[in-house]
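Here come two complexes built around chain A, the first alongside chain B, the second alongside chain C.
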Partner chain A sequence: MAGVSLVRVSKRYGNLVAVDRVSLEIAPAEFFVILGPAGAGKTSILKMIAGIEEISEGEIRIDGGRVDVRASGDIDAAMIFENYALYPHWTVFENMAFPLKAKRRKVTSAEINNRVAEVARHLEIGSLLERYPAELSGGQKQRVALGRALVRKPRIFLMDEPLSHLDAKLRHQMRRELKKLKESLGTSVIFVTHDYMEALSLADRIAVLNKGRVCQVGTPDDVYFSPENTFVASLFGYPRINLVEGRILSQGERLVFCSEDGALVFPVPLRLKPGLENRKTDRVTAGIRPTSVRVVTNPPPGAARVEKFLTEPSGNKCLQHAWVGRTSLAMAGDTVGPPEGQDRLFVEVAAEKVFYFDPSGNRIKES
Partner chain B sequence: MAEVRLERVSKSYSSRKKKIAAVRGIDLVCRAGEFMVFLGPSGCGKTTTMRLIAGLEAVTSGKIFIGGKRVDLLAPEKRNVALAFENYALYPPLTARENIVFPLRASRLGPGEIESRLQEVASWLELEGILERKPAQLGGGQQQMISLARCIIRDADVYLMDEPLSHLDSDQRFKIRTRLKAFHEETRKTIIYVTHDQMEALALADRIAVMNEGRLQQIDPPDRLYARPENLFVAGFVGEPPMNFIPGSLFWEGSEPFFRSEDKRLNLKVIPELVRPFLESAGGRRVQLGIRPEDIALAPDPGEDSFATVVEVYESLGEEGIVELRLGQNVLTALSRSNLSFRGGQPLSVSLNRQKVAFFDHQTGGRL
Partner chain C sequence: MTMRAERQDLKSGIKRAAIYGGIVLFLVFALFPIFWIFLTSLKTDKDIISSVPKFIFSPTLGNYKAILFGVKAAGTETSRPDFILYFKNSLMITSGAVLVSLVAGVPAAYALARFKFKLKENIAFTFLSFRFAPEIAVIIPIFVIYRSLGLYNTFIGMVLVYQLVTLPLIIWIMRGYFEDLPESIEQAAKLDGYSRFAIFRKIALPLVKPGLASTAILSFIFAWNNFIFGLVLGAKETFPVTVGTLGFISYEAVLWGQMAAASIVTILPEVSIAFLIQKYLVRGLSMGAVRG
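So, the complex of A and B:
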């Protein structure tokens, strides 16, 4: 078990800055997810920790000891790749025993047998040891790949989008498989992905990365319910959050948000009043999750009229789109099918759940 | 716009030793103005069927009609169909603009009309900024949008689209999907759209034709397909997380029908009307019980037919969650929508919505 710390780590390729002064503290036994779009620098960070890639600047420590100056073989990190990289002509046992057979490890064959058996029992693949990879399901292969890494007792696991090559159904299933295994690892895991569901499901904490920089580090609840900026807010949820530009106006005692064209107006919650009061001259952006807005037939006072409405059934949910003035809103409701009386529909925003962002995209907080 | 009709259409390929049947006797009608989606896993025959309609492949047997006119012996350009492909098929030396208007070069449209159509399509797919670029200077998603623009700019009887959004990232895909749907609602063109993505199919289609192993499995509107899948394949393919299946048997106990799982851990009173048509009062029947994740109640009312499970894994995904439950030899996936939270190993009493259970024949997989 080991903690990992990155102190102002940068990676430059010529003029291109792939990783820009990233500092992270990963606790022992923590499952830490680095989330970001393609090109955010996620994989570069992983490779630098593994010692596969040199760092341009900064320090990387594992258990307090600097590793960025050492050879990758000494770092003792187990990397798990997208395709598991099992040897097809070897049995599960041979695949798992392989890392222990390296000469310098000097492990006796009795000990190899013991360790493989122990790990296999732990991962519930004890009955598969004589099979070949082609005879395994996707979930079983994933377990074998993990098992092969576990027998080495590495100090940390590094996983680079291990599920991304699977089709949607299998990916979701394997994500839950991995979540089940998570507790039994007992080792720090650094897991890189662009899939927000994997991050929310698996992570103890998530670091959101954009253009080589860390935007936010926090628990899944932190990043989902208190995103620091529009980038983080847009990364979580499907459909993505609706970002509506507008202004803050006074309406009697209260403040209201008013979209640019004036078509969508809803109250600002009291707890945000102090923070938004002095924003009246600025443009602000309201972030409305598709789950925080719905279409109703009985308009609450001041509700905006829907001009155009579309539904997309998606099985257990119903995705809807409503156009209000120039604003289009994506909505995700529980009920299938459009409400009755399509010609008189109104938008109801759950005003308590709306986020507000300043002109530079940072969330305006309760002060 | 025109109706497309397939009568007993088959396509097989012969290799040295064996004959491979890609499409096996498909009968279907896509109505004039309908948005139809062909849905299935890779290798199910959906793309081949589309290529047969387009005339890019010749049928082995059967007939194809477009607007009542038999077309399966006609050359592709005589069928008046517009195509968009997954792999773009753009002309590399031409700019995006030239690629898009290419199909209109032989039309009687004047340059003014062509330009205004181009602008409309380009703004609709957000291509304004890249019209002067060549395909090699564009990303995969952008090339795919050019291919889609080239398809919809035409005045065709039928629009055929093969995974036209597959190279877009998920945000872009969501956005364009919505516009495609809006485009169809406005124009009511006949569209046949091929995908392996069940979400996309449910979102777009007026009706979905589900295919597997070259055969048509079911053809229905999205709501009905989801609510009443005709067999195990459709039930398992449409819906995410997928429907849960529990093997077991149905039998009468006095005047009440019961389902008992193979491992005997689940005994469920079944609504008599649900099984009466196919379950004779004597003897039982081996079946698979199907239940959707959202039809498993995680906090049932006390007393109501609940049974004990153990939480295997709980995933919190923002405002919703997915729970895997161990019930004897079966693992059930359920959805949690509220603020409930669970931990692995926790015992949990759950109930199944008896109105929503479905039964499938153990052998044929057909819905009972």
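So, the complex of A and C:
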């Protein structure tokens, strides 16, 4: 069991800063996901931990021992590459045996056979051992790559978007298997992805990365239900969170949020009143999850009138778009929503669940 | 079939006929000299010098017997059994040169493809620049150097000077092959606990094998065809076959028939090797390594 810690690690390529003073603590046996859009520096972090890329600044420690100064063969991390990186000139068996054959590991050939066979059985690729990578499907290659990492029993696993090239069905299946594997493994996994669903479903904790910087580190619940900023909020969920610009106004004792053109107005929850009280001169952004808003036919008092309404049915769910003044709201509705073209529709916002962000995009918390 | 489809068919038919016509024309242009040499090699001296070129004659293997076994056939004046020696010289020099170039050039190509070091591009360019100047421009200084180093008319000297032909070729082509390998495969091996050299030997080298074969063959052909180095830096003991064939032009006569037979034998290794190339040029091996 090994934990990994990054202390103010940076990576520069010439003038480009790919990773900017990132500090992370990954606990032993933790499944840690690094999530971010393309070019956020996710893979660079992984490769620096693996020792494939040099770090420009900072320290990386595994089990308290510095690894950034050591050769990558000594680090004892297994990595699964985005393109699988199988050895094309060898059979599946040879691919999986290769890490064990390294001289430093001193594994006998009987032991190699046993371990490969055991892992192959576990991953259900026992029948593929004599095949070459070119003769495998994408999902099978994925399993072989996983198998090659597993036979070594490394201190940590590094996975670089391992599921991104599989088709949707296979991806879900592999996700379940990874989850199963995670329970039996007891080894830290650092998993890089740009897919928020993968992150939410697999991770113990998630680090959200943007432009080389860590935006937020937390459990899936943390990042989904308490996003630190608009970037994190809009990264999770489909359809994306609705970000509505507006102002905070007083209405008697209460505070209300009022969209830019005044068409959408809803109350601010009491717990946020202290934080928003002194924001009245600022423009704030309300973050409304598509699940926190719906259209209704019998309006509660003060509900905003929908001017245009569209639906996108997709089986068990139905995406809906409603226009209120100049604001468009995406909603994740039920299968049967109100019909399109109906002219007496209103939106109802679950005001308790709305996030508020200050002009620089940071969430305004209850203070 | 509609009118339009018919017209389309006709159009593509004409196009194809034109392409094939062009190919045939080019083949005639390129292959006729070889065909004529082949005919000449089967003729007696009398048939060769007849004022009307003869396409129909009674063929003889006399010229081949003369150059290969030194048999004086009827109608041939003298024989030059040295041809066998020159052929052997060519084989030794050319294979030696290609071998040395592979041993030195393939690791160099790998280093130029994968390592970061100072002046890398300059070094790579220097290798390429060996091919810029015509050999004739450097041959006199090389001759002087060879005389003083005692490399003149030695096989070692020949193999060394042939590096000017084979080494740049191998370094530059192999560098491209190495660069095309997905880096992640080598990174995976690195993480699996292997040294750089082990990765080169066990991963990179086997994966570029098809490229290696075709590059070696290509440089073999280039070296085999070289003329000037042998002419200036060698003597009878080390003459390659290209230079040796000149010996059929003597004071008394030009032995056209034997010269033609020698030319045909000389191109045999190249032709057979060229057929081998076709098989190796298929670069399927590194496919399937990455997602597919």
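Everything that follows uses one rule, which is that the second predicted complex is superposed on the first by the 319 of 367 C-alpha atoms of A that agree within 3 Å, B and C clash if a C-alpha of one lies under 4 Å from a C-alpha of the other, contacts with A are read in each partner's own complex, and residues count from 1 in each chain.
Methods note: contacts are C-beta pairs under 8 Å (C-beta built on N, C-alpha and C of every residue); 3 or more make two chains touch, one makes a residue touch a chain.
Only a predicted model underlies this, so the values are computations on that prediction, with no experimental measurement involved.
Peer 1: Considering only the touch criterion stated at the top, classify A:Lys169 as touching first (chain B), second (chain C), both, or neither.
Peer 2: In the superposition, A:Lys169 touches chain B alone.
Peer 1: Just chain B (first), just chain C (second), both, or neither: which does A:Met79 touch?
Peer 2: Only chain C; A:Met79 stays clear of chain B.
Peer 1: For A:Met197, is the partner it touches chain B (first), chain C (second), both, or none of the two (neither)?
Peer 2: So A:Met197 only meets chain B here.
Peer 1: Is A:Gly138 contacted by the first partner chain B, the second partner chain C, both or neither?
Peer 2: A:Gly138: touches chain C, not chain B.
Peer 1: Contacts for A:Arg121 in the overlay, against chain B (first) and chain C (second): which applies, first, second, both or neither?
Peer 2: A:Arg121 sits against neither chain B nor chain C.
Peer 1: Figure out whether A:Tyr238 sits in contact with chain B (first) or chain C (second), or with both, or with neither.
Peer 2: After superposition on chain A, A:Tyr238 lies in contact with chain B alone.
Peer 1: A:Pro99 in the overlay: touching chain B, chain C, both, or neither? Say first, second, both or neither.
Peer 2: A:Pro99: touches chain C, not chain B.
Peer 1: Show me the chain A residues, by the header's touch rule, that chain B contacts in one structure and chain C contacts in the other.
Peer 2: None.
Peer 1: Quick one: which bits of chain A touch chain B in the complex? Just the residue numbers, please.
Peer 2: Interface residues on the chain A side: 37, 167-169, 172-173, 175-176, 179-180, 183, 197, 200-201, 220-221, 224, 234, 236-240, 289, 291, 308, 310, 312-316, 319, 321, 330, 334, 336-337.
Peer 1: Contact residues on chain A for chain C in the complex?
Peer 2: 47, 50-52, 72-73, 75, 77-79, 81-89, 98-99, 102, 104-105, 132-136, 138, 141, 148, 152, 165
Peer 1: If we count contacts the way the header does, which residues on chain B are in touch with chain A in the complex?
Peer 2: Of all residues in chain B, those touching chain A are 169-171, 174, 177-178, 181-182, 185, 196-199, 202-204, 222-223, 226, 238-242, 292-294, 312-313, 315-319, 322, 324, 335, 337, 344.
Peer 1: Which of the residues in chain C come into contact with chain A in the complex?
Peer 2: Touch residues, chain C against chain A: 182, 184-185, 187-195, 203, 206-207, 284-292.
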